[in-house]
Amino acid sequence: MEKWLNSLKTNSPQEGFELAIKLARMGVKYTQPDMNVLKASRNDYAENAEFLIAASQVIAIHFQTVARANNYWNK
Amino acid sequence: MEKWLNSLKTNSPQEGFELAIKLARMGVKYTQPDMNVLKASRNDYAENAEFLIAASQVIAIHFQTVARANNYWNK
Amino acid sequence: MEKWLNSLKTNSPQEGFELAIKLARMGVKYTQPDMNVLKASRNDYAENAEFLIAASQVIAIHFQTVARANNYWNK
Amino acid sequence: MEKWLNSLKTNSPQEGFELAIKLARMGVKYTQPDMNVLKASRNDYAENAEFLIAASQVIAIHFQTVARANNYWNK
Amino acid sequence: MEKWLNSLKTNSPQEGFELAIKLARMGVKYTQPDMNVLKASRNDYAENAEFLIAASQVIAIHFQTVARANNYWNK
Amino acid sequence: MEKWLNSLKTNSPQEGFELAIKLARMGVKYTQPDMNVLKASRNDYAENAEFLIAASQVIAIHFQTVARANNYWNK
């Protein structure tokens, strides 16, 4: 796979949150690299509250990692 | 997306808990940005105990992060 | 919401566990503030082993946070 | 509830694991204090692999906490 | 139960991973000690992707604990 | 099982993420070593969004471990 992750450092907590979202999506993409299947599956579920909560949970786990890598953006 | 997260610091544990709730909701919102779909989905599930527990779990994971960023509000 | 969380400090591990339970319940309550809906939903599920295990898991995550905030009650 | 948790310290990793099991069970018991309901529910599910894995997961989360409280039983 | 866990220390990350698997299995075994029920249940589910992923998740949580107990096998 | 994990150290966050994926897959493989069953099961589910999110979650947990072992790739 091409280079997509150079660093866990971000300039702000919000950018860190957005990196966590990217990490969650890449976990899915490595498991199902076919983008057409991925989009079909995602469309089926994106209105489903259980799916949305599960996605939010994966983001939360990655945000723990990113926040720690950035020392919680404390100076 | 507009700026919504400037800092993980809060004045009290309760404000930290409320920030954790916001983080959990933003994880959902980034995954399903259409507010109408989101509200419909949420209404379907908000009476469902499994959904409520899953939401509580995501909040718990984010609260770990926020509590740590605030050194558990210990002086 | 009124003030319900002043500190993560407790006098003993057991009080810490009970605080973790409170945090798990408040995560649910913020998501579904209507107490009648909450009670109905809870009654439906409180005999359900999957629900009970899921509730126990959220408690476990919060207990990690509370235990750490109290330095595991080590002197 | 009576006193059931005095310390997270144990003499060995195995005792720590057994404490983690107790913590997982107490999370269930606080949520459903009626022992008859609990036993009926547990009997229904104890042969169910999904339930067994979920129980094992809660134990794993508590074991993280207990292991850390004991500094992983390193001298 | 007989003695099965003396230490979280292992000689290598791979042995640590295998210890994490053992811990995940013991969590199941303490919950359902009847080996016949356990094997029947396991056979039913071992071809089920959801079960396999859930088992992998419990292993991941225990591997966090074991890796940390071994300081990530860094010298 | 043959030797497959020598170290948690990687040269970059992306390699660390890819190691996390390997760890998630090995957790599945140890639980179901029969590759034919594994592939059949995986094909059934790889188009299923719930499965993909669950896989992404296991990767996220392992990525926490790997990131920490590498001190988040900070110099």
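Worth a mention:
Here the chain labels run A, B, C, D, E and F in written order, and each chain numbers its own residues starting at 1.
One rule holds for everything that comes next: contacts are C-beta pairs under 8 Å (C-beta built on N, C-alpha and C of every residue); 3 or more make two chains touch, one makes a residue touch a chain.
Everything numeric in this text was worked out from a predicted model, so none of it was measured.
Shared contact partners of subunit C and subunit D are absent. To fit its Cα atoms onto subunit C, subunit B must turn through 60 degrees, a value rounded to the nearest 5. Of all residue numbers used where subunit D meets subunit E, under half belong to both copies. The two sides are thus made of different residues. Chain centres computed from CA atoms place B at the largest separation from subunit E. The distance from the centre of subunit B to the centre of subunit F, with each centre set as the mean of the Cα atoms, comes to 27 Å.
Separating the centre of subunit B from that of subunit E, both taken as means of CA atoms, is a distance of 31 Å. Subunit A and subunit B have Cα centroids separated by 15 Å. Touching two or more other chains at once are residues 48, 50, 54-55, 57, 61, 64, 68 of subunit A. Because contacts link each chain to exactly two others and close back on themselves, their graph is best described as a ring.
Note for the complex: subunit E touches subunit D at residues 3-9, 23-28, 30-32, 37-38, 40-42, 44-45, 48, 50-51, 54-55, 57-58, 61-62, 64-65, 68-69. By the touch criterion given at the top, residues 12-14, 17-18, 21, 46-50, 52-57, 59-61, 63-64, 67-68, 72-74 of subunit C touch subunit D in their complex.
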